[in-house]
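Take a look at these structures.
In the two complexes that follow, chain A is the common piece, with chain B as its partner first and chain C second.
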Partner chain A sequence: MSALTRPWNNLTLVGKVILPLLFLVLVVGPIVTVLAAVYVAPLVVDILASNLGIVRFVVAITAILLFSIPAAFIIIYMELKVIAYMNTRVGPNRVGPGGSLHSVVAGLKVLLKEDFTPTSADAIVFTWAPVFVFLTAVMTFLVLPFGPGLYAQDLNIGLLYLFAVGGMTVVGLLIAGWSSFNKYSLLGGLRSAAQVVSYEIPLTLSVVGLILLAGTMSLNQIAENQSGGFWNWYVFRQPLGALIFFIAATAEANRTPFDLTEADSEIVAGFATEYSGMRFGFLFFAEYVNVFIISGLLTTLFFGAWNAPVPFPHIELSLDPGSLGIMLLILLAVVPLILTLLFALPFWLTQSRMPGWQALILGFLAFNVVAVGAVLGLAYVGFDWFAGLVWFMIKSFLFVFLFVWMRGTLPRVRIDHLMGFAWKWLLPASLLNLFITAIAIVVLKSTVIP
Partner chain B sequence: MAHVDAGHGPADIAFPVDLEDLVTGIWYVVGFVFAGTLFVFGTIGAAWLLSHRSKGDAHKGYPYESGIDTFGDTHARFGISFYIYALMFVAFDIEVVFIYLWALVFQDLLVGGLVSMLIFVGILLFGLAYAWRKGVLTWR
Partner chain C sequence: MVTETPIGKIRSDDDPRVLLDEQIGSFEPVPPYPPRTERESEFYTLGDGEMFLNMGPQHPSTHGVLRVVLKISGENVVDLDPVLGYLHRGVEKLCENSDYHHIISQVDPLEYVSSLFCEWSPVMAFEKLLDVEVPRRAEYIRVLTGELLRVASHALFQGWMALDLGGLTPILYSFIERDEIVEMLASITGQRMLFNYFRIGGVNGDVNHEFMSRLGDWMSRAAKQHETSIGLLNENEIFVRRMRDIGRLDRDLALRMAVTGPNLRAAGVPYDLRRAHPYSVYPELEFDIPVRGTGPEGGDALDRYLLRLEEVKQSLRIIDQCLHNMPDGPVMAKLPRLLRPRPGRAWAAIEGPRGLYGTYAISDGTDQPFRMKIHDPSFVHLQLVVQLMRGNLIADTMAVMASLDPIMGGVDK
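Take a look at the complex of A and B:
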């Protein structure tokens, strides 16, 4: 007995806590997992299978909410790095390879910062404002088709829903500015209200021409209408509409030539002046989610959504791994080994100073790259939705790059120019676009079809 | 189309919109609002638990005005232009809702629809021209 008690007494308090926990995880955990897999899993699968609608709902909502996090992190990193290179700086390069984890760490830092409410602020409204701003940004994802069949919900009033939800952002910004009890916040909130409200009109009117052509407001349908090559994209039939949408969407998301709402040289940080900690984090987060959303919308509405620029011949893969039988197992065991040795061979042969184990590690890495590439290539060829997702992401992030580029290049406009431009130029131009499209449709319909 | 198989809608009635689909869509929106709120408050709550908090002195709770104590009412007076733009927005945004529905069925209306929309937008453009003439669109 004493043989066991002595080492136990030697442990520190932390060790006394960790050791039983380790025992629980290593011994009890697997047993419970196996039991659950045998007895509970079929029951759960049955319940899930009979409520597929609810399962789909939960999966879709979770996927969207979780997708917004890496999307924002990638955009923040892009903004830091791309603008740095445009300014001939290096940018973040400490955390992760090339500083790629910088934005993740920044996000974690925000999580650990003190979340302070000023004494005079209206605490409840002050807390709800970032929730509102973030929700209205993320809710737009609900109708965005990421690929063929990859959408949370294909609302038949998709476009209307989109602008209705997008327009609600202004309420969040306004109450954020009002509840902070700060002159800068108030001015920032009012500025953003005036700006977002003014650009909402050309934004919504610029896509009417598109609705006229498509005859539907469902984003999924609009995406399908543009299939079959880049000459079918709506940007070629609605160039003016696309341009107006681009400008107005930039203003809606408070991006750089129109970032008067958080003009740091004039009104500190606008409506976000009094915010700190995670509530500020959400205001910040929503801004970058908005950047992705306007890029995704530009892609979906005018640049062919998830369609490849040139139609790719779809190949039916007649792969049936089950038909190989026991050979499949042998293949899975042998192929990685052979390929690893094969890839290691050139390193081992050419680099005479390199020890054998290093060559093997390099070969293993090379094999992994090739394997992942092969799997992704197979998925691209075999699955519609994967190819669609790839093209959607490529196009969207090209637009994100464009917005970052604009931030690195353009100066801020003056507020009188900003407001005048929306009402005196963009609004008449979008109405002109609408009527040109309508007249073109009338003429085409009455001449082509007798 | 995504269907939730909880079908208890009047399937016999010839309704132009797929009623079940519409209801599903609304539930998605409502559920998303709920889940999103939960997500945000969960994160804010986690941050509240993780972060350090200190009361500080009285100055900590003051509005931030670049280091100087605030002077006068923080809900300061602001320009009337903001209000006028909001009014204009309401007029034009309601117009947009009508135009959207018109655009949806335009393929069947053609010339008649075009003429009526020209009249409708013409009236609104007259309003815009009036506001322009009055100098509302010029920021002051």
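Take a look at the complex of A and C:
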């Protein structure tokens, strides 16, 4: 017995944990996998196949939740860097190449910080307010079409859903401000309530004209209506509507110059004054997710959604790598080697001082760039959804850049100017837009179109 | 053990947690003593629908450590009460216990963005006490460096103004402009912020080659740079609309409250010490005194902002003339190392970027002044906040405060 126990006793604590785990993974794991593949898998596949809608929804939700965090990270980094260059600063440049991992580290920092609740705050509401704000922000992603077929749910009342859920953000901000037991927070919450409720009306009215034109409220359908080239985009048929939507959406997302709710020179940080740790992180992420959402909405509604400005001639790729048989394997093994050597050759020839291994590494890198480029190019040509996603992202991030640019250059408006602008200018203008659109549709339908 | 204090019940001496039942009252920014004046008792009683908002001393836009208690009704400021003293160091008393040379370094940090002007008026007062003739080259260098710093100070004002209105970018461009000037001055004074450069009877060291080459380089593009910074902000509709018609300061109020400097000239009074009571070599130099807000309503925050921009142009003119007219000669009068002026009193005042900087010194014949009083414009202007901000919105409070351009180092002394 001692022959068996002695090696066991010699193990460190970590070893005693790892060894059984290793046994489980190497022996029990395969057995379970095989049994599951044989007996359980057909059942699961049956269940999944009979509930395809739910499966699709769950997968889409997961993808959206996973997407929202990196999107916020990218926008935060973009904002830091773009505003830094506008301010003649360098901006984040420590973590990752060009500081590109800065927002990831900032997110980690937020996770590790003390999560502080003020003594007199309404603890339950205080805790759940940021979750509520973040949830409403992420929920609006549900109906946003990222590409042909790339949407979580194609609601036929997509736009209505969007405004309904987006309008709920204000409840989160208000309860965040109220429950903090801080006068700055309270002022920020009240400001956000006044602002978001005022701008909700022109925001909604500005797209009614578009709904009349499109004849649908499904965002997917609106996107498809704009296919075929940039002259079909709704911005050319609804320029006033697009402008009003842009302004009102900026105010809805609390972005500069309408960032009164967190005016740092007046009310410190508004509703977020007392928040710290991940609860602040949620509020912060929600803000940037909102920026992406209004950019995506602008793209979807007025700037052709996923459609390319000039339609790309459709090419039917008749690639069938399987027909090559064993040659495919040989090619996969040989082509990288040949290409690496081929790309290494000029490096090696022109810079004769460079050691051969360095030239090989450079050649390998060059091959990788070419390979990734080729794969992406093939994907762009071959898959509609990929091309759509690329165009959607390009357009959306152009608008994100616009919002960041505005933040870098504009001062903040005053509360009375803000409210006056909404009620005296935007609301009449959006009604005028609706009126003109309606008349134009009636006249055109009765004369031009039989 | 529960102790009763004016700010609420304290649980015990070693556990200073405020009792939770009493907390609502205890968080109000009410002074922990019974009201001393009628104004105080009136201010600290709340009307219907009003609440106190304590702003500062740690607040992003109170220009240092000013604390303002606002009485607000919604977004409207009903009344307000500035509370000073968070930066008080007793500089006047320190000066009375230092000898005359050391005083220059004591008064230096009063206004940290334009410290040469803080040195200038004590130095002039002591020169009057000692009856010293300052060499003309030294006077020219004083005017030259002073006007350079006036440009830097006004550039910074422009940046702060935009920052307090929510614009992030202009402050950094302001700092670039200020940094160039400060680096330039550092090449002759050795310091970037608290120069300690003026001396009784002259200045500490002549201008050198590096300073002149930097200055020439800067002068060749200063006017254009100024135009750029004007173009960045002055045509911004949001910026202009936020400053128009707030914090109106009319002629009567300005004179009654002893306002000086750009704030007075923006209220329609063409009073500039450089012309009204000429000192140094200013009578020999050509420059205009810009005036705004000459109407019966006086000037608003926008007038005060624009006037400072015009002053920068005049300062550039003065710098140009100083460079061309500067005579050769010594930069320091011959003086003994230990100064013992005859008993007497002297008052000297100069025109700084914020107004009148004055020093009143009494000598009793020893090497230290018997009494030294420093008049600082920021302190005088801060009295105005109550009159100018009453009835405005919370956001305007920042704009009005920024347009008065106070520096808290000088206010609290």
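By definition in this document, the second predicted complex is superposed on the first by the 397 of 450 C-alpha atoms of A that agree within 3 Å, B and C clash if a C-alpha of one lies under 4 Å from a C-alpha of the other, contacts with A are read in each partner's own complex, and residues count from 1 in each chain.
In this text, a contact is a pair of C-beta atoms (placed from the backbone, for glycine too) under 8 Å apart; a residue touches a chain by one contact, two chains touch by 3 or more.
No experiment lies behind these values; they were computed from the predicted model shown.
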| item | value |
| --- | --- |
| First, second, both or neither for A:P411, with chain B first and chain C second | second |
| Chain B versus chain C as contact partner of A:T256, first or second or both or neither | second |
| Touched partner set for A:V442, first chain B, second chain C, both or neither | first |
| First (chain B), second (chain C), both or neither touched by A:E200 | first |
| Touched partner set for A:L187, first chain B, second chain C, both or neither | both |
| Chain B versus chain C as contact partner of A:R89, first or second or both or neither | second |
| Partner chain in contact with A:R56 - chain B first, chain C second, else both or neither | first |
| First, second, both or neither for A:T119, with chain B first and chain C second | both |
| Greater residue coverage of chain A in the superposed arrangement, chain B or chain C | B |
| Common interface positions of chain A, toward chain B and toward chain C | 119-120, 183-184, 187, 268, 415-416 |
| Contacting residues of chain B [partner chain A, same complex] | 1-6, 17-18, 21-22, 24-25, 27-29, 31-33, 35-37, 39-41, 43-44, 46-48, 50-54, 58, 60-66, 70, 74-76, 78, 81-82, 85-86, 88-89, 92-93, 96-97, 99-100, 103-104, 106-107, 110-111, 113-114, 117-118, 121, 125, 128, 132, 137-140 |
| Chain B contact footprint on chain A (complex, rising order) | 52-54, 56-57, 60-62, 64-65, 110-116, 118-120, 127, 130-131, 134-135, 138-139, 142, 152-156, 159-161, 163, 167, 178, 180-184, 186-187, 190, 193-194, 197-198, 200-201, 204-205, 208, 211-212, 215-217, 268, 273-274, 277-279, 281-282, 415-416, 419-420, 423-424, 427-428, 431, 434-435, 438-439, 441-442, 445-446 |
| Interface residues, chain A side, partner chain C - complex | 83, 86-89, 119-120, 183-184, 187, 191, 256-257, 259-260, 263-268, 407-417 |
| Parts of chain C lying in touch with chain A, wherever the complex brings them together | 20, 23, 27, 51-54, 59-61, 75, 162-169, 172-173, 176, 236, 238-239, 241-242, 393-398 |
